[in-house]
Amino acid sequence: QQQVFRVSAIPDEAPTELQRKFKPLGEYLSQKIGMKVEFTPVTDYAASVEGLINHKLDMVWFGGFTFVQANVRSGGKIVPLVQREEDEKFRSVFITTDKSINKLEDLKGKNFSFGAESSTSGHLMPRSFLLSAKINPDMDMKRVSYSGAHDATVAAVAGGKVDAGALNISVWEKLIEAGKVDTSKVRVFYTTPPYYDYNWSVRSDIDPAVRKKLTDAFLSLNADTPQGKEILQLQRATRFIPTKPENYKAIEAAARNAGLLK
Amino acid sequence: MPPRDPAWRSRIVGCIVFVLVLWPMLVQAEFKPWILFDAQSLQATGNFVASFFPPAHSAEFLQLVAVSTWETVAMATAGMALAMLAAIPMTLLSTELLSISRLGSGRVARLPAWLRQIVRWFLIVLRSIPELVWALLLVRIVGLGPTAGVIAIALTYCGMLGKVYADILESSEAAASNALLQNGSGRLSAFLYGALPEASSELLSYTVYRWECAIRGSIVMGFVGAGGLGQRMDESIKMMAGGELSTMLIVFILLVAAADGVSALLRRRLD
Amino acid sequence: MTFELQEISTRHIGAAKNAYALHSLSLRIAQGEQIALIGPSGAGKTSLLHTLACALKPEQGSLRVFDENPWAAQGSARHALRARLFLAPQTPPLPPRQRVVNAVLAGRLPQWSIWQAIRSLIRPIDPAAAYDALAHFNLQDKLYARVDRLSGGERQRCGMARALVSQAEAFLVDEPLSALDPTLSVQTLNVLQREARTRNATLVCSLHQVELARAHFPRIVGLRDGRIVFDAASSDISDAMIAELYRNRQDELLPASPDHSEIAVAATPRC
Amino acid sequence: MKSELKAERILPPAPRMHWSSVLLLIGLVALVVASFATLPLKWHDFFTATAIQSTREFLHGFMPPELRPVFLHKIAIATFETFAMSAIGTLIAAVLGVLLGLPASGRFGLTARLATRGVLNVLRSIPELVWASVLLIAAGLGPFAGTLALALHTFGVLGRLFADAFENCPPQAASTLRINGAHPVAAFFYATLPQSSPQLMSYTLYRWENNIRAAAILGVVGAGGLGQMLKYHLSLFQMQQAASVIIAMILMVGVVDGLSYLLRRMMTR
Amino acid sequence: MTFELQEISTRHIGAAKNAYALHSLSLRIAQGEQIALIGPSGAGKTSLLHTLACALKPEQGSLRVFDENPWAAQGSARHALRARLFLAPQTPPLPPRQRVVNAVLAGRLPQWSIWQAIRSLIRPIDPAAAYDALAHFNLQDKLYARVDRLSGGERQRCGMARALVSQAEAFLVDEPLSALDPTLSVQTLNVLQREARTRNATLVCSLHQVELARAHFPRIVGLRDGRIVFDAASSDISDAMIAELYRNRQDELLPASPDHSEIAVAATPRC
């Protein structure tokens, strides 16, 4: 019987930040499942996917797209456990400093930045909505770059290195709250329709008792206890709700459609 | 009268070819140095660089940096030790300087030439497979953490050390090792008694430099969650946290200066 | 027969297509013979010694060393043959920073296993042998000195000491006296000749000191422009033959300038 | 006679190693031991059957490499971009490196040596990525920023390697010229440079190889090329496309390696 | 006075504390004088020449070169002084792969600006001068050959050609004849002496060929163990003085073995 429960997360934010966010949650989970919980931050999405599939990690905080990738790559052996209430209706925002950009069509011939290649809210969904607006980023834009993280996309747009960028709405809101972006200069010109995003996933061959304990632990978090409040606040969640693989079918379709999944 | 310089024409032709090859590359790389000096970009750069000051120095952060620094140094040292262990035999296999069949005719016999070629390509593959690929493979095998980091360094650096060691030996003065080989000593002995004393200081400089590279180039460690300064640095860049960045740069500069000092010290010991 | 050369032509690797250093040269040297090789600068003495040492592959002709054809043999057999020869190059090829004791004991390398070679680097295996060999040349005080801190003559004697330490059956020595004073020259020649005699080893020695060659060696081979001019017992060699051997090339052509011919006339060997 | 000689022979004592050398060696060994000891390394995972199985699976994913003409065309463009960036960056760095390597090898006195070494240390202490993010602001998005980032970091690296190569070069030839009154720079060009040029060349070509790989990291600055393609396809687990990119990179490095081999052969033969 | 040495003691940098290569040595050499420096190997000939060339700083005593004290002068003044001297070392330290023309023209470097020096590397500035200098030594065909493809004697002559090309007022030549055949030795000495005479330059030449020294040089300095044994006109030098100078050190001590003393007895200079 293993003694350590290994957890990681996709690096859509700075890994230190992720580690800080995870600390109280890790202590809470450890208490609930009776195992030592260890968090390893990585700087590459693919590494977290490979780790979970190959039994080197036990639970990972995936984005919608990375979950689909893991699920496909493992032959359906990855199951999503829970997600935040917000993740049911997640959105991305397109931001710019350029006065002449007001709708997606204006992006033709511009420099554009996505987040990381494997990000749902930073790449897959924005790309998917661009494609439905008849813009193929690879052909119609002057230059497409991948900043690697949502914060970095904002920095790139604010610094004028790119004309526009797309990112996760929750990071955008966090940055505004923290006053880290100058809203008079950087503005949102398009917000996508909602889609399913982040979840906590495990392998399906995990001990069912542990899986049950984990789900219960997440679901029983609430903002009334001080511990629950702290955790939920850090996770930027109102509460956790159960989720199922079917929720991500739409993302899978979008990925296949955009050619990001074979 | 002195005859005409036989090398002159080939030099002129060489220059012309060089310019002709360079031109399209300059175009492709959008080489326009003057854009560096327009006022707006200068100011923007100034702002970013200004954000480096003051360096972050909260106790918590400094502690984090200290821990990461040791992690990095330890991983780099361990990785380098393994890399050297593997690289030295490959160097000995792949240097033509130590070839016995070359003596006399200047041409290496077929079989050793093939072996040498295989080793060279093996080293090329080792060092040109990108870190990310090693990371993905190692995560599968050993999972996230320092083991993967150490192995990743060992593998890529083995490829680099093997090649550069061979190059250094190959371009050093060959008289000493040649004389030994010509008198019938084995390749290893000729290496120890002829080539090594000839090239030792150069080999040493390069090894220390590589060690310092291992400390700095820790991208791969970030990929495999091995931590260390490189990963911290990566994070700070993404966050545009100039202060943190400058603290870590200072640590790098100090480490690099220390490595330089050690290199000079060791070379002086050789003398 | 230690060496048997028939119509040997040798060309250096970097040299032009038809720039042969030796032209169809034939020579037979019996075991235990002592031969001096004389001839003007650029005559091919070094090239001949290298050919004998299997360090330069002849382009044409047949070479037999110890009654074997080294270039028809397997590489390893050829190398085993080399261990029975000892070539002392013109400029002693000693790596800087090496200590004299190691430089001398390197003569033993063909006999040592690799472990012995490594051990001897850490702690010389047989310093007494090196000491004795150096003592023959009055150099015993420099046993632990560094090679690059020796004077020119000391370095040359260090190279000779290596020859003594080796267990070769034929010594091929290239201008062993060039940096030595007259007394040491005689002493060095004596030591070499006695050593060769005790071992019944062959000694081929290129020299510029014609008088020494005539006094010490029973047989003398005169080389010029890659061809043998004479090969005779030293008693049969007349001063005219020597003068002819060293005759300035300028004499053959039209004098390039009055200066030159004047020098050429003055240039009779006086030593 | 032989025994008599042996009896009288008094070997000089072998010189002892200086205590500081011993200390230095002990320190180095201690560092290596401490590194292995403090890291939680798990070696046994390597020797399990699953490790082999897993590796085989992983490699199998790369087969067969993607070879559609459209994709190959994309690779060709990316290859040229990487090639151009790395070549120009390395060329600039090599020229500057020789210029600064001169004072850094102590040819203009100790002060100049320390000062230039300091500059080179700072230049190379700063990784390409940090240079890229600074230059991104100055030079804007595009391969130019990447090229400059490579050039600046490589400048530091080559400057130091060159300086060391000059220092390690046998000094007699240069010192002879200087004793005869030649300017240090002239002595450098007439003695040190021809002696160390194969070494300089192989360092330069080797750094070029390195920069071909380093250009991979610079995808962030829009300096795309093969690196960005590789990251893209690996992130999306499109292993067959990634395989083609990797092969292109290996071939490129192989070509540079072969070039360095040929050039050195030309120079040393 | 070209050189004025008073009680000079010189020690090599790497040497032991009290291992002086020259012991309180005094010597005066007037402009235009031609002096041969003889003495056994390790006597300090090279050290003395290096001291004269301001390449080795004396530890004690006063040295004046061209009536200036080089070691009291500014570094740049000393360097200007060096440009008036020309030191040709014992083994010509020519970088391999350099072409003969560049190796020879390097003698002009003190007169050239840096730009001229670089330009000449690309296209030799004055190949005619190099050609003429080489022609004095019958080496003109090798003008564009690579230095490492020369024979030992050719390389030495290349070093001498550099001396001719330089514009020095004093030549300090260290064993210029060691790799040359008798004819070339005489020719080389003649060329050097004539050149020195035409320029009214001082010539100090260390030699092992005592007879040549006595025949060609009006003044001879005998050196042994770092001390001047005699300094006299060559007509005043007797064979006994020479024999004493080169007397084997073994004779002074108890002979280490019967062998050695036998050699020492046989070791009368014959050349």
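Here the chain labels run A, B, C, D and E in written order, and each chain numbers its own residues starting at 1.
Criterion: a contact is a pair of C-beta atoms (placed from the backbone, for glycine too) under 8 Å apart; a residue touches a chain by one contact, two chains touch by 3 or more.
Note that the structure is a prediction, hence the values are computed from the model and not measured.
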| request: Work out which chains are contact partners of both subunit A and subunit C. | output: B, D
| Given the touch definition stated above, what is the smallest step count connecting subunit A to subunit D? | 1
| field | Chain pair with the most C-beta contacts | value | B-D
| remark: Chain centres from averaged Cα atoms put subunit B and subunit D apart, in whole Å, by 3
| task | With chain centres taken as the means of their Cα atoms, state the distance from subunit C to subunit D in Å. | result | 42
| request: Would you pick out the residues of subunit A that each touch at least 2 other chains? | output: 44, 46, 54, 147-148, 152, 159
| task | Would you pick out the residues of subunit C that each touch at least 2 other chains? | result | 13-14, 91, 96, 135
| query | Taking each residue of subunit D in turn, which ones touch at least two of the other chains? | reply | 5, 54, 137, 140, 142, 170, 231, 234, 267-269
| query | What is the complete set of touching chain pairs? | reply | A-B, A-D, B-C, B-D, B-E, C-D, C-E, D-E
| Where on subunit D is subunit E touching in the complex? | 1, 4-5, 8, 170, 172-173, 175-183, 185-187, 189-192, 194-195, 197, 267-268
| field | Touching residues (chain side subunit B, partner subunit C) in the complex | value | 100-101, 103-106, 109, 173, 175-176, 178-186, 188-190, 192-195, 197-198, 200, 270-271
| query | Which residues of subunit A touch subunit B in the complex? | reply | 6, 8, 14-17, 40-44, 46-47, 50-51, 54, 56-57, 147-149, 151-152, 155, 159-160
| note | Contacts from subunit B onto subunit E in the complex sit at residues 1-3, 5-8, 11, 173
| field | Sites on subunit C touched by subunit E in the complex | value | 12, 14-15, 38-42, 46, 90-91, 135-136, 138, 146, 149, 151-154, 157, 174-175, 178-187, 190-191, 208-212, 215, 246-250, 256-257, 259-260, 263-264, 266-271
